[in-house]
């Protein structure tokens, strides 16, 4: 089975360089089921990081452009590599292989673990946006809290210990607000690999969205199901639709 | 008061040419309150028409790029000229003047007119997408039905009589399903100017989303309110965010 | 366009006298779109102020009695001048012109401005009643908080500075509870004209329900739509229904 | 225990005369628990029958006027004798004894009997109004259908067999729409005493709202609980509130 | 009328002995309507007390085994004597007489008393379970809070004063969280007979679930209605189903 | 990784004999990820098949009894082998390894595939029970339809072709009712291995609940997360709770 993990922006041209793509691929490979090959890809164009609806939307054309090629290459599933699930319905319309959004996959895993769940994300600015996303998924009544550590995505890795401490404090607040399962609301946060440590500290399960998405992708591909074409119909104008005039 | 109506694509370069922009501006001007100047603008890049989530998303970068300039020009409000409300949260993050989505404005007007409402749109492909949009707005339980005439946007004008007949038939089905107010789910359909005729034929109010959006824009501007900056915070990275690397 | 603003009680015979009607009409006129004539009317009978469900209901017969005459006079829309929207369904049944409830109009404007909204009202006693009202409108899940300044309606004007300070404090509490747009939950509060000042102080948009209702009335009339007669059917027994035996 | 059943209008001055009050009292007495005395009262003013929101609201001042006296007389609970639950919140504010609305009581009994429920009412005009009522009670998602026999209240008794046949047909439609328990949506329908017969014919339980309300009143009084004064606070202006200026 | 109150476990073989059954029967008899005979029964097998989903489920086979016999004995209704409503759907499938769950009955009585309600229960462990139960009943949006005194069921009686003090404190917290009616979430707590005292202390009505269930049972039996056989169909394999192979 | 698939009843002593356990284990092994060992176990006592809430509940004590042993044996996750998810909360309280309910897992997979989903199950009797289950999971608003083939579980295998034809017809009805993804609502149906064929016939994805549960179990175990102990706390009385007195 081959899974594509699509970074929605030219990460390799950012401060972390191509090594970061390799590091992420290694992390995914380490956690994939035997027999699953995960390849990390990036889109040609997109913002350096995604911390607003603006950046989310600017990441989508690159995703759209990349989707048909990934299907043609023979991937069995694609993960959109951003917790905002940017362009998820569009990506699902374009291909017949399952497309996974980490926010949806992470939230649905939480739903199996607790009575209500919470999200711990990066910057305060994305909190309302994540609430809207969950409402759109029909999960509003199961969402107890969304909280942020207020550290920019690009500083997460350098400030790991501080982030872990803040995640602990914010996680305790989310638990007090009724969340008995949590998902980290940012993929870079997911690649920090702190979910297990947080689970220990908080006493409630903390889901790594990178891995929730990976497992959802492997699961859908294993079942041979993909998004419904009545819910995500292919654009009537076909490929041409992908080309703005 | 100056309202910008932003067509999310280069309509003037399409088959209808620049005259269509003028025709739309004239229609809006005719229905604006005295003292309101409406200017129809178009983005530089975008699909020829929007009939899928793919096309919706491809229209957004052009919208994002255009928003700050519209605010700088002194407009008092902006209408996103597509019933899918493409990029609405992103556009709202970027400016301090109210940004109106016709689907949201049209649905909310329906909510004041009936117990539950319905949407009559263009092609079948956008039906699930409009259902998702309404769920995201928290209006799921008030939505009785979404139905389509299944005529492509670009053919609507030439097939006006056929479209009107089909709208009547689909509107009756929506009413039978519990919708006692309807909104037309496409801006080109709105510019056909058939809402009054349909209201007569169907016996339930039919809202023109072009005018619902215009009135929502005029209303918000008149009250001096705009989207909350706690719900739609400006991107932390500022202008730069609008520039994909 | 002619809009009637109907005060549900004999305000002119109260402590503020007929001058208060003129003052309110002037405020409305000042904020109406050019070409809109607003006339403030009052019903013959009703409580001195409305601060309970009891008083709300006692205001309704006067509203019912007045509605047909307003339509006959040629008004294009009617605003029920109380934030409890007293008798709104009944008034809508009686006429073919749009009837606007300020609570519904104000809440729906908030829905366009934020992710969830709050209400700041007069006395504590109306808080549960406003929650019930919003549930009936299907907006329960979008309502973050309802708070009161606990100043009686008739004292609002004399205690303006105190009210403004308390509104600020309660508004901050509502924002902390998740409301990122607020509506003032009382028409007398609306005529205090403090929404802009509060918007500045709180950093979230504060909607004046007087103006939200005015704009909703102007908007519906401009579109030529009114409440659905399938949702608000005329009483079968006709006029006679309005005459208790 | 003494229960007042308050007819919201001068029924005794209608076509059925005072005998109808006696007939209703006898029916209630027959179904009351031993030791419960039910007295049927009527208000001084109100519409001849209630088949619209207009009439519902016109019935309320009479109810409000009567409530304090019923409490002073020593009744242990009051039933509002109309399925629209007219003025229920107002009546609850005015007294410390439990006030029961038959629609709420009947719906809640249905909720214990099935997965979703339906309402079978008199005229088509009240269908949307009953839907709004149920939404206000938070029971929207449990309501499968509302259907009407389309026979005016005052003709129900004379057309009993026809009504029973129509109720059977409409009940089958409601069951097909997912209702597995039904409540009759009109008190005069309740006094026709057809619920048991309909239960047999339809194979789903049919609740008589007259009796559901009676049992709810006896139950609340037996428990010594009444509506919460934080949810239904007494009007601050006290008795005076009941006197329109 | 004969009502069976079924204790889901061999209470008489517990520390309180057979006297506790008599005491409970006396309490029920004291609060039953004249003419109602209540008999307390116990199942042959079940946990000593129910403070987890595990114990709840272990109590169900005994309930299932007992139901047909109770119907055969001629009881008119059965109350499941545990606030977790263990096995309620199963019990309802097995008989044609109404089966009442105290949690459902208590919550529905609260719904008539306030705008939102709360539950005060025994141990912290059952809080999430009660939230799930209320969600399953469709009452999620009306539930403001669930709180526990954290005293084991079997110690409730000996620590009555302490329990009352804690219930007062937790009840105040629930009221502050928006509950304006409360139900005690444990039957042993109900038999402590503290609801009236708590109602006085808290200023909001506190419902005794023992009595709410008793009244619901008497009410359903009086109306001659029972659970819908379309919602709770009898097991196709009949009696045999009750016998595990 | 070792996954236990727990059949809630002594399947090996039924008409299909021990071979059926082997057949199921082979099917699971065939679809497991490399490195996952699935072992099919059965409980000592339980009904021959589960087609009612009665049988569901009778299956639970066996499940409860078996859970601690499965954890002690070193399994990494347990699947409850029945689509009614019998005893799921109880099982989750008892162990620290993830426990998966196929109905929940199957529904959540559907949620990722479509806008709304449907369930195709065995006998009509379980339809209301599955609706209640989904409401309890907070998925009510996403559930479009539940339909049954009305073939008893034990006859499914012998009537495979007939079942497939009926599933196709019922699936079309569910799709017409708005379901754009479907899950088979019975594990024996899952082991018929018809999901792929149905997906082809219906044009919407059909999820096999056996495999959805398997993948959910493998996923949770791979992430190292299990049900939250704040949502599913261990019974306070410990092991003893599992022993009815």
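Letters A, B, C, D, E and F mark the chains in the order given here, with residues in each chain numbered from 1 onward.
As a working rule, a contact is a pair of C-beta atoms (placed from the backbone, for glycine too) under 8 Å apart; a residue touches a chain by one contact, two chains touch by 3 or more.
Worth saying up front: this structure is predicted, and the values here are computed from it rather than measured.
Common neighbours of chain C and chain D, listed by label, are B, E.
Separation of chain B from chain E in touch steps, taking the shortest path, is 2. On a Cα centroid basis, the chain most remote from chain F in this structure is C.
In this assembly, the C-alpha centroid of chain A lies 27 Å from the C-alpha centroid of chain F.
Each chain gets one centre point, the mean of its Cα atoms, and the points for chain C and chain E are 44 Å apart.
Of all residues in chain D, those touching 2 or more other chains are 114-115, 128, 132, 138, 140-141, 180, 230-231, listed in ascending order.
Viewed as a network of touching protein chains, the structure does not reduce to a path, ring, star or complete graph. Chains touching one another, given as pairs, are A-B, A-C, A-E, A-F, B-C, B-D, B-F, C-D, C-E, D-E, D-F, E-F.
Contact residues on chain B toward chain F in their complex (touch as defined above): 128, 131-132, 135, 140-141. On the chain E side of its complex with chain F, the touching residues are 9-10, 13-14, 45-49, 51-62, 64, 87, 89-90, 92-94, 123-125, 128-129, 132-133, 135-136, 138, 140, 152, 230-237, 241-245. Residues 114-116, 141, 180 of chain D are the ones that touch chain F when the two sit in their complex. Every residue of chain B that touches chain C in the complex is listed here, in rising order: 31, 33-36, 98, 100, 104-105, 108-109, 111-115, 137-139, 141-142, 175, 180-181, 195-196, 199, 203-208, 211-212, 215-216, 218-220, 222-231.
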